[in-house]
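Each chain carries a letter (A, B, C, D and E) given by its place in the written order, and its residues are counted from 1.
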Amino acid sequence: SVLSGCSNSASQAQTGTEGQADTTSSTKPANKGESVVYHLGETVNPEQVTNFNPFLATGNWAPFFDYVFDPLYYFNPVKGELVPRLAEGEGTWSADNKTYTVKLNMKAKWQDGTAFSIDDVLYSFNTLKDYKVLDRYQLWGDGRLQEVTAQGSDTVVFKLSNTFPSLPFYLSTVYIVPKHQYEKEDPSQFLNKQPIGTGPFQFKSINESAIVLNKNADYFLGSPNIDQLFVDRFNNSSTLTLALEKGDVQGSTGTVAMPSVPKLLENPVNKLQVYPGLNTFSVIMNNEKPGLNDTAVRRAIQIAIDRKSLIEKGESNGVFPANPGFLSSVFSDMADSGLINNPSYAYNVNEATKLLESAGYTKNGKGIYEKDGKPLSFTYHMAANAPAQNKEGAMITEWLKSIGVETTVKLVTWPELTKLLMSGDYELLQNGIQTPPDPQAQLEIFHSKMTAPTGENTPGLNYMRFRDSEVDQWLDEASSADAGKRKELYGKIQSRISEQAPVAVMYNVGGHIPYRVDQFTDYNEDLPVTSALSLMQIKKK
Amino acid sequence: MSKPLLHVNELEKVFSSRSMFRKKQVHAVQDVSFTLEAGEVLAIVGESGSGKSTVARMLTNLIPATSGDIVYNGESLRTNRQLRKKLPTFVQMIFQDPFAALNPHHTIGYIIGRPLQVHRLTQGDLRSRVLELLRKVGLSPEEDFIDKYPYQLSGGQKQRVVIAKVLGLAPKVIIADEPTSMLDVSIGIDIMNLLLDLKEKENLALMMITHNLGSARYMADRIAVMYAGRVMEYGPAEELIQNPQHPYTKLLLYSSPDPWREQTEVFEVVEAQVQDASGACCSFHNRCPFATDICRTKPVAIAQLENGHQVRCHLYA
Amino acid sequence: MKKIVKAGWSAFPGIKGKMGLVILLFFTGVALFGTWVAPYPKNFIGFDSWLPPSFGHWLGTDSYGQDVLSQMIYGTRTSFWVGILAGLITTVIGVTVGIVAGFKGGWIEESLMRIVDLFLIIPTLALMIILASFLPSMGTMSTIVIIGSLSWLYMGRSIRSQTMSERQSGYVEAARMVGMKDSEIMFREILPNITPVILANLVLVTTQAVLAEAGLSFLGLGDPTNVSWGTILALANANNAVLFHAWWWILPPGLAIAFFCFGFILIGNGILEKYRANRGNAAL
Amino acid sequence: MRYNSVYLIKRIGIALITLYVAVTLNFLLPRLMKGDPASALASEKALGSQEVADALKVQFGLDNPSLWYQYAKYMKQLLHGNLGVSYANFPSPVADVMLKALPWTLGTVLIATLLSYLIGWLIGIRGAWKPGSLFDNTTLFSSFFLNSVPFFWIAIIFIMIFSFYLGWFPLGQAVDPAYDSFSWLEKAKSVVYHAFLPVFTLIIATLAGHILVLRNNLMRVLSEDYMLLAKAKGLRASRRKYMYGARNALLPSFTGLMTSLGHVIGGAITTEIVFSYPGVGLVTFNAILNHDFPLIQGAFLCIAISVIVCNLIADLVYPLIDPRVALN
Amino acid sequence: MADLLQVRHLSIEYAAARGVVRAVDDVTFSIGKGEIFGLAGESGCGKSTTAFGVSRLLRHPARIAGGSVQLDGTELTTLSNEEFDRLRWSKISIVLQSAMNNLNPVLKICDQLTDAILAHEPHAGKEVRQRAEQLMRLVDLPVDRLDSYPHELSGGMRQRVVIAMALALQPSLVIMDEPTTALDVVVQNGIIRKIMELQKKFGFSILFITHDLPLMLEMCDRIGIMYAGKLVEVTSREQILQKPRHPYTQGLLNSFPSLSGPKQRLSGIPGHTPDLIRPPAGCRFCPRCSQALALCETQQPMLMQDEKGQIACHLYSEEGLSREQASAACE
């Protein structure tokens, strides 16, 4: 009852302006006293938002938490750096690099009026320790966090069992929840229908078409300029794009049909923010399968894929070409950007066939390369229900055919696709690989501890079943090295990866955020423009 | 006397339509007995639904009898599997509707020849045997007919084809279930004449089902009158027609139009629903102008009159 | 030769049947000889994207820079064969189940029909997806098998009721009387008599198969490496042809599907009408 | 009283048995799919962590692989009206997810089917009454053509014309985003406004079938002797058309209507996708793609129940339309 | 005798796929007031078509190709539909063959009896139910059956209902097209007796169509025999009973095995009816006629009136007779 009473009072403050918002169209210029409404379009299936519990991996729409809750740090994918939210500035490492101390911004306040305290932070992190299933980024696993304690009333101390330089990145994955609301519930089952956060927007209501958020005028980083944020829900990107073009929505946090981008941009009020992300779209190869265990074959496959055409035709240049050394260019200081344009990893059919021929493969009657009577013929798995992706797959298999590699295409549902990846029951598989916001984590998908023999489930993301003892060693070393050393090691790893080609990378799917500038200005383009921090700042024209 | 060609003893048929919750039973035929000799014609008459066709279908093993015995040449159909297998070459049936009885997709030659093949009855030339059969039933010129399709024939010709097909299997007994009722009278009489001739020539036993007393008289040596699944009266044809004993037979005769007959007394017709044969009383009692209390309460036995004339009526008990 | 053509022509009854035949012949021609007719090779992606119709590209180009007309022509072949083959598979299963159930009666019929009823309750699409995961690959052949093996339900019912009414016919009883085996009665006596019904059904299931293929492709469950009307439409939708006002990418596949099926339905209706007129029987 | 009790009991009995078998099949079918939802989730949301996957398995009740165990559990839950917990929307109960989607689908599908049936009926009757007339031929040909057009294509074309070019209707969704702050009248208006195009699409897509069925049935009835006698009696054309003709043609098409109703729900998938409409079809499709067993079961159950209920309704309404039915 | 119905040179054609079927060809006859007129002949000879032509119930693809039909002096073929609708049932009513399909299965008996009355006397109101009850009593059916549906009655009862219905407006002509063919003899007998009783009571005329010559001979006053679309003989019952004249009539009579009299071999009529699309050039019965003359093959006989009735046969025409005599003389 405390809870609802408070939220009532919070919304009462809005009611005066709300009434007007309903009667006047939001397309009219903002006058004084009229509420300013921002419509954000999203592809969220209507059934998909059934809880507002940031601990849960399912049944919610993740970007929501960015608006309503605060983590200690926000990972800015545009710059690849951390932005303090509940933390006050950067944390400090102890000398042995095993303790990380973060000072909290105590101006923060829960949206129900309760004071924010350090207990909330401790509670949030300890919940992950207590409920294994919620610790999705393994903060407590693998000899990482040992203890999270308070130092005074405004400082949190993270104690590690081993050195773990990436910890600050991982802190950005944890939203701080109000202990006073959560302690009465089982956090792994809590649906949190009336979420209370510290964030710049507060939850008002949800219906079949939208999630409605009000501004949090008391937000400790400043009150947002817009009064209401509508998250309009569509279930497919086509309709969303049309809505954007018509001006029904002003922006979107993500999915838009890429081929429609050029058309959108013909209209000068539409803009597109593009930044590389953490998802690398690739043709994943099972390095243990006969044929694919031959580096020459993998290399040939890698350079048989015309990434430029793919990005131009399939993605309308809305994505970034991927780094053959795998590290995403988000981490611009660590990534070896030279590899991206290195001609030896670029599309080259002649080179590909030469590679195969010098590895002892000969063309058989059907025009397929074979060695010892075994033709290079592979299954090629793709996700069902993704026609545009499948079209790209069709283009790729066509290219593979042109270098004498035969494929049998199979579409499978999402769970089946992951099942195949984990068990290794595949040869070629087209999918994205998504990693945590941390260069180390991104490269660790090639660590042999992250894999298992074909037939067994992998413990981590090394679905390629790639094993290279030197890479392992470099990775282990980098995990506790300082920044300079790490950069050097990562460089070595990247060049090894690109030579060995355990996976044929294509492009980084990060953000391609379309937004309109006809009614709102002051988007912060150093951040994703539709992130909470940017939307706080926008103004009605 | 040796074994009769066909002997039927206390034949009974109960149709039970089993639905999920209730069993419904229809006593279609009960306590039917008769014998049939070679060269003899038996007519079964009775109104619609009296069980005539059911008897025929049991005789030809199209449906199994519920109880009772069908004995061909001393061999029981119920117990003798061998007999059941070769039954088609022993007894054959001619159906009511010649228009439906011929598969429109086969030629006359195929229709007549196929049964011969099924039973491996021809060693020699199938075609010549078919031609011979066609000639037998008076379809000439035979060569014209053999490659025709049923739709090219008139009703009477179709019925002749059916007869030819049946004859091919050289059965000893032919059952004709209302073979003329779908045909025009002028053509029907032709078919009846043909059947009579064939009976003479091949020494067949013929069982003729009809609801026309006139046709029965025309064809048969003996007549059985059925009502509600039972034989009500059975006897030599002429005697039964001229001197009917059972009230139901009298009613039938009275109702059959015959402009030449001298006016007889008006028969009091009682209209009522036909009763099931299972009743423990005379099933005709509710339509019988002569019914007494005993008819309503006691089952009737068969009374034997002279000349093998039998009646199932309390009036003769 | 002339005779055959003439006989073939008159086998398609009525104005409708003949119209249907003409439509179908057109598509058959495209399907069989399309490879030579198509202006550009299959999956050739070298042109500019989103070109409106012009002399170079009668139906413009799509978002990938493929010539839509060429895609349509190659798509005809896929859709054509999916329709024909899946239709045949459906027919074989439907006819077998229908005739056996209708002729045998009793528990065989009961159980077959209950199975049909149950399958009718579960959305076919779901069954198709489940079945798809058991097939070795998602090629056109798989689509055919999936559609063929799951769309016989209505046909089975219809054939069954037709068989049941045929079973009452004198000639079936006569065949039994003569001692023919059940299999012979079913397939040599009854089958030819319900051919028009089968044909009419065949036509229907063929159109259903074409539509099902389009539906599967639209839901992203079709064969992505092959071009079919369904995949063209699915891509047009996924890549927002509406936004580009690219009607030349949306209209042709839909119209092609519609006209193709229309041709079949006309033929089927012609056959049925003739059959009914011959029999005075509308219970199909 | 037209019903006899045996008829009633039998119909309800059949419905219940079918329901039981359907429920069992619902349990089995999703489990035939390859792939394991817990691992998939772990892979997608938790870096493929085996620990998380195992923990999820426990939560989903998939830790005991015995089918019998799962079946017993499923049936027990079902008897308590519990449809389980959706995997993809964990920890929300399936019932919640379904209940949110069901009204939208039922509303659109019911209204569309009834309207389309009614319109189809009127057109069919008019056509059959004067076979070969201009009206008859036009409707016949258009029906053949409409019957050949894919649902989703019609939907796309409608969106293109009515929503995008003309802007008469919304691009999709079921209600206005600001729905929550509307008065009830505005809410109703908003619902109708958003449902218009989907319903219209469904009507157009199913209309042809109804026209053809009704026309055929009526043609058959018109050749019956009692129609001739009715004419000989000098009855007005309208009475002959409706009381003698249409009423007798109604029964077979009514069966069709009822069986199709359930199927339209299943077939609404593509329409709902194109219109971003939050219905059962969409939920089902996503559930299948996510291998969300409980949700698939829930969705199938909804569809199965609606088919069975429709059939039952058909069975119970038959005797009212056709007095001959109650007899057997 | 005052003729109620006069049919003159009536021809009716069906436009079939193979060609035009002239199912009724130049048929002329008349029915007197209170007369029972029978129309007999083999299947397909055009009996029903004639009846439907008279009552204007022909369905596509049939059409009247010529001739006139007059009822009580009114020409029926040229009346407008509305005018004819007013005549229907009040002047001409009809009873069709199959008892099963004559009644609308979904309407109660009462509704079907009364809607004919209401269609012609819209103001009948409450009284209409009483009239329905009267009609039921007329045909000896219990009044409570009015609230039954057709399927709840037996075939005989249904046919009685139809007969009652036909008498609802006391028409002057009732057409009965094989009203008892589908029924058992016993039931048929009851219905025929009822019809004759009612006819005596109300004095309407009947056009009675049947295959069953003996039945017809029991009830009809005058009989027309049709063959292949032509009326070949019209004559009184007594005449036929005594001595049928037309070879076809003789053949028909010789096809019914009788119940009385000596048992004798019957011969029927050999052959079958001709294809009406291409009928024989001369007399249509010629190919099956045992007494055919040379003339019969080429020339159609005219329907001629003499003291014994009308007949169309060369054996009875002067021309035919003279030739016969001539040929006899030659021998």
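The rule is simple: contacts are C-beta pairs under 8 Å (C-beta built on N, C-alpha and C of every residue); 3 or more make two chains touch, one makes a residue touch a chain.
Labels paired with UniProt names: B = Dipeptide/oligopeptide/nickel ABC transporter ATP-binding protein; C = ABC transmembrane type-1 domain-containing protein; D = Peptide ABC transporter permease; E = ABC transporter ATP-binding protein.
Note that the coordinates shown come from a computational prediction; the quantities given were computed from them, not determined experimentally.
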Third chains touching both subunit E and subunit A: D
Chains linked by the largest number of contacting C-beta pairs: A-D
Most distant chain from subunit E, judged by the mean position of its C-alpha atoms: A
Approximate Å spacing (C-alpha centroids) for the pair subunit C, subunit D: 23
Distance between the centres, which are taken as Cα means, of subunit C and subunit A, whole angstrom: 44
Rounded Å distance, subunit C centre to subunit E centre (Cα mean): 51
Distance between the centres, which are taken as Cα means, of subunit C and subunit B, whole angstrom: 50
Shared-contact residues (touching 2 or more other chains) in subunit C: 129, 133, 218-219, 237, 242-243
Residue numbers of subunit D (touch at least two other chains): 33-35, 159, 164, 273-274, 288-289
Subunit B: positions in contact with at least two other chains: none
Contact set on subunit E toward subunit D in their complex: 55, 57, 59, 85-90, 92-94, 96-98, 101-107, 115-116, 119-120, 149, 151, 162, 165
Touching residues on subunit C, where the partner in the complex is subunit A: 43, 45, 49-50, 63-65, 129, 132-133, 135-139, 217-221, 223-225, 231, 234-235, 237-240, 242-244
Contact footprint of subunit C on subunit A as seen in their complex: 237-238, 241-242, 245, 257-260, 262-264, 309, 313-314, 316, 379, 382, 384-388, 390-391, 393-395, 397-398, 408-413, 416
Complex interface listing, subunit E residues touching subunit B: 42-43, 154, 156, 184-186, 188-190, 192, 211-215, 217-218, 237, 241, 251-252, 254-261, 263, 265-270, 272-273
Subunit D contact footprint on subunit C (complex, rising order): 114, 117-118, 120-127, 129-130, 133-134, 207, 211, 214-215, 218-219, 233, 236-237, 242-243, 247, 250-251, 253-254, 257-262, 264-266, 269, 280, 282-283
